[in-house]
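What follows is a pair of complexes built around chain A, which joins chain B in one and chain C in the other.
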Partner chain A sequence: MNLALFIPEITLLVIAAIVILLDLFIEQKRWLAQVSISGLVIAGGVTIAMWGGSYPAIFNNMLAVDNFAIFFKMLFLGIAFLVILSSTDYVSKFSKFQGEYYALVLLATLGMMLMAATTNLIAIYIALELTSISLYALVGFLKDKKSTEASLKYLLLGAVASAVLLYGMALIFGFTGKTQLGEIAQVIQSLPPMTLLASPGLLLGIVLLVAGFGFKIAAVPFQMWVPDVYEGAPTPITAYLSVASKAAGFAVILRVFFSAFGLPVWLSLNWGLIFAALAAISMTVGNIIAIPQANIKRMLGYSSIAQAGYLMVGLAAMGMASAENILGQSGVLFFLASYAFTNMGAFIAIIAISNKLNSDLIEDYSGMGKRAPLLALALTLCLISLIGMPPAAGFMAKFYIFNAAIQNGLLWLVIIAVINSVVSAYYYLRVVKVMWLGEAASAEKVPSSGALRLALLLCCIGVLLLGVIPGYAIRLAQLAANIFAY
Partner chain B sequence: MGMVVSFWILAAVGIIAALGVVLLRNVFRAALSLILCFLIVAGLYVTLSADFLAAVQILVYVGAISVLIILAIMMTREVAQGSPNSRFQIPAFIVAILFLEVLVLTLINTPWPVSSMPPTAPTTAALANSLFGEGGYLLSVEIAAVLLLSAILGAVVLAREK
Partner chain C sequence: MLTNYGYIGLFLIAVVLFTLFMVIIPIALRFLKIVPHNPNPIKNSTFECGMETIGRTWVQFNFHYYFYALIFLALDVLVVFLYPWAVNLRALGFASFVAVIILVAIILVGYVYAWKKKVLEWK
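And now, the complex of A and B:
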């Protein structure tokens, strides 16, 4: 076994341990963030170096080192980098546990990287738990009433979702006798179609898997935790949850459903239809409930439910597609990348603004265009990207994923999605209107630290790059999705 | 034959104990019922020739977890009042029954593959091999260690004062 392929994960773990220990000895706590970031950079560099190579899976075939895994590792490392950059101000106000904060962020990232790479049901489950438990603690980090309530809700509902997921895995293991995704696929494909049709155990297992993963990606009807948790959690963690945790869920779904249940065709048509239905419900419910929200974190919470709906359009397209058509998969990957930049940018702007205002109410953003023109401009760009208007990344992402859906006969779903995009413009643009046309409550400027500005700048560059010259990123997404072509 | 009889006895008592956990008003009695349920599950493992798993079940669940639960209850006031009524009782009941029906129908109607091999006994060495040996689940064991680290960190942060 080639342990060199495991260096990114080992680096993160070592850095997490170093951060915890350093926290005990040093007075200057800002070094903790810098050590964490240097760890992420090292891990990222090693990961990039692996891109494009064809390496054998390690740990007895349980950990794939393919382009798909590397794409997601890069995504998670990048998001963690932005989260830590945008946390520095926030965390420096804590009197205790600064090291634990960064260490938990790193461990959650490690869990997500493993989620994207593992090809075994048991390892997937444990990686998912590693991510979840780190996030439960991070959500409750403020320890005030709202944060504690959010953490408790997330923990309880997350435990139920884990139980459902585990039940699904147990049924699939019981039916096939395998936990390795590739072996499960072999067993399923070797059975005659009639036996499969007469086996509700396998189908129920798949449905329970959808429910368990649906919680992670916050799809309706598994979304009840989203608004309260998003509102109560520290804002950088809310950003982390809305972007990385969702991306990790999609990574696992893509790998599990394609590697294990991609064939026979009627099976993938069936789960494709499940995802199509969930996509339609998620988009509609998320967008409609987002309209009356007064708190911007809650609004973005519901908006993230709607975005999960658009992403599931790609999953549905993948289920409907024939084997050599990977538009759906690569569409999901590209959408996740553009969504990561967009939503991180929006949340970073919110962090900067709420540092000054101590409020997350949309009405308090009134006149922000005059008080903090650059922040307001960045937030506007991100909101436009969330609607899916050019020249932002969101436009290309939606265009790509809807194109994949239409090519695979899901015109009805795309019509619903487009109507939803129009509805969503209403509440996104309301924030823009309040910021630029509203009267400012005071003429005081809104200051922001260098780290926040750097993070926001990176996000805006990402949003514009993916929106204006998407070719390179689309190529990367296609290369990563190529592992799904037979 | 003896196995079959003991399985059905354990199953019946297990269901009664599980119902007790949900239905008993007094939280302390519910906790005791839960411990009984854990014990029954350990018994079921024995009937399935999973001796190591049964021992672990007794050590961890019947031993450690139940002590933890009872300690937590001791620190709670108004134990006897139990859980208040909830307006979701009836909908939850209906959903639970529906889910039960789906599960039972599924389990009955699926042609589960049954191994004809005799069970391994004792299982401890075989388990150790499949966890740590060649071709085993070493990765999962390693991640579980990190998982514990993360859980400890989380517990320390949440439990200690700000």
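And now, the complex of A and C:
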């Protein structure tokens, strides 16, 4: 086994331990953020250096080191980098627990990196729990009534989802006798179709897996936790949840469903249809409930449910596609990257504004265009990207994913998705309207720290770059999705 | 294809019906006066392996026990891993030694954390 391939993960673990210990022995807490960021940069550098190579799987084939895993590792490290940059001000709200905060963010990132790389059901479960348990604690960091309630709700519902997932895994193990994804696929393909048809156990297992992972990606009907948790959690963690946790869920879904249940075709058509139905429901429910929301964090929570719906259009396309067509997979990857920049940008702008206002109500954003023109401009750009209008990244992402769906005969789903995009424009543009046309309550400027501005700038550059010249990013997504071609 | 999901649905319906049935039986029997209803203090008391119960169920425990339990759990897991390793030390070789040192180091971080946060001091 080659431990050198495991260096990014080891780095994160060591840095998390160092942050915990440093927090105990030093007074200057701002070093913690710098140490965490340096750890992320080292891990990111090593990960980027691995890109493109073909390496053997490590830990008895439990962790794959392929382009797909490396793509997601870079994504998670980048998101964690932005989260830590944007929390440098926010941590003053819980100054006693800064070390734990940064360490838990790093550990959650570690769990997500493992989630993207695992090719074994047991390892997937452990990576998922490492992520979830870190996030349960992070959600409750504010220690006020809402935050505690959010954390408890997330913990209880998450535990139920884990149990459902585990039950699904147990059924699949009972049916195939394997936990390794590749071996599960071999067993399924070697069985005569009639045996499969006569036994609903495998199908029940797949349905339960969809439910368990659906909780992670916040798809309807597993979305109950989203609004309360998003509202109660510290805003950087809300951003982290909405972007990284969702991306990790999609990474696992892509790998499990493609490598284990990709063939025979009738099976993939089956789960393709499940995802198509979930996509249609998620988009519609998320967008319609987002319309009356008065709290911007809640609104973005429902919007993230809708975005999960658009992403699942890509999964449905993957299920319907023939083997050599990887448009669906690479579409999901590109969408996740552009969604990461977009949603992080929106939340960072919200952090800056609500730090000053101490309120997350949309009506309080009135006149932000005059009080903080740059922040308002960045938020506008991100909201436009969430609608899916050019020149922002959201347009290219939706274009790409809908294209994949149409090519695989899902025209009806794309029609629903486009109608939903139009509906969603209403509530996104309402925020824009309030910010630029509303009267300012006071003429006071909104201050923001350098780190926050840097993070916001990086997000805006990302949104524009992926929207205007998407070629390079699409190429990366295709290379990463290439592991799915037979 | 749909018939397979039909089987699953059938199971679900059976589960729900069975559960409802089990809940309803005692109520129905009570209602039909088949089950006698003569309560007395001994019958109503908690069954505790023949011991007589003392006080109420809602006893307060000192919150400090919780921290001790957490630290105990971590160290307990460490011992579970250490013991089989120590028995087979020679056979497992140097690589396992390094692995165990890493495990001990990780748990040590947690222990130092607890120590420094004054969890071990009884107030």
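Rule of thumb we're sticking to: the second predicted complex is superposed on the first by the 484 of 486 C-alpha atoms of A that agree within 3 Å, B and C clash if a C-alpha of one lies under 4 Å from a C-alpha of the other, contacts with A are read in each partner's own complex, and residues count from 1 in each chain.
Convention: a contact is a pair of C-beta atoms (placed from the backbone, for glycine too) under 8 Å apart; a residue touches a chain by one contact, two chains touch by 3 or more.
What you see is a predicted model, and the numbers here were worked out from it, not measured in a lab.
Peer 1: Put chain B and chain C onto chain A via the superposition and say whether they clash or fit.
Peer 2: Superposition check on chain A flags a clash between chain B and chain C.
Peer 1: Once the shared chain is lined up, is A:270 touching chain B (first), chain C (second), both, or neither of them?
Peer 2: second
Peer 1: Considering only the touch criterion stated at the top, classify A:200 as touching first (chain B), second (chain C), both, or neither.
Peer 2: Both partners, chain B and chain C.
Peer 1: Go through the superposed model and pick first if A:122 touches only chain B, second if only chain C, both, or neither.
Peer 2: In the superposition, A:122 touches chain B alone.
Peer 1: Comparing chain B against chain C, which has contacts with more of the residues in chain A?
Peer 2: More residues of chain A are touched by B.
Peer 1: Does chain B (first) or chain C (second) touch A:143, or do both, or does neither?
Peer 2: The first partner, chain B, only.
Peer 1: According to the stated criteria, A:60 is in contact with first (chain B), second (chain C), both, or neither; which is it?
Peer 2: first
Peer 1: Tell me the contact category for A:95 with respect to chain B and chain C: first, second, both or neither.
Peer 2: First partner only, chain B.
Peer 1: Quick one: classify A:28 as touching chain B (first), chain C (second), both or neither.
Peer 2: neither
Peer 1: Could you say whether A:20 touches chain B, chain C, both of them, or neither, answering first, second, both or neither?
Peer 2: both
Peer 1: Give the stretch of chain B that clashes with chain C in the superposition, choosing among 60-68, 96-104 or 114-122.
Peer 2: The listed stretch with clashing C-alpha atoms is 96-104.
Peer 1: Kindly list the residues of chain A that each of chain B and chain C touches, one partner per complex.
Peer 2: Chain A residues touching both partners: 13, 20, 200, 204.
Peer 1: Spell out the residues on chain A that touch chain B in their complex, using ranges where they run on.
Peer 2: Residues 13, 20, 59-60, 62-63, 95-97, 100-101, 103-104, 107-108, 110-111, 114, 118, 120, 122-123, 126-127, 129-130, 133-134, 136-137, 140-141, 143, 151, 171, 174-177, 195, 198-202, 204 of chain A touch chain B in their complex.
Peer 1: Where on chain A does chain C make contact in their complex?
Peer 2: Chain A reaches chain C through residues 13, 17, 20-21, 24-25, 197, 200, 203-204, 207, 266, 270.
Peer 1: Touching chain A in the complex: which residues of chain B?
Peer 2: 102-103, 105-107, 109-113, 115, 134-140, 143-144, 146-147, 149-151, 153-158, 160, 162
Peer 1: Where on chain C is chain A touching in the complex?
Peer 2: 1, 4-5, 7-8, 11, 105-106, 109, 112-113, 116-117
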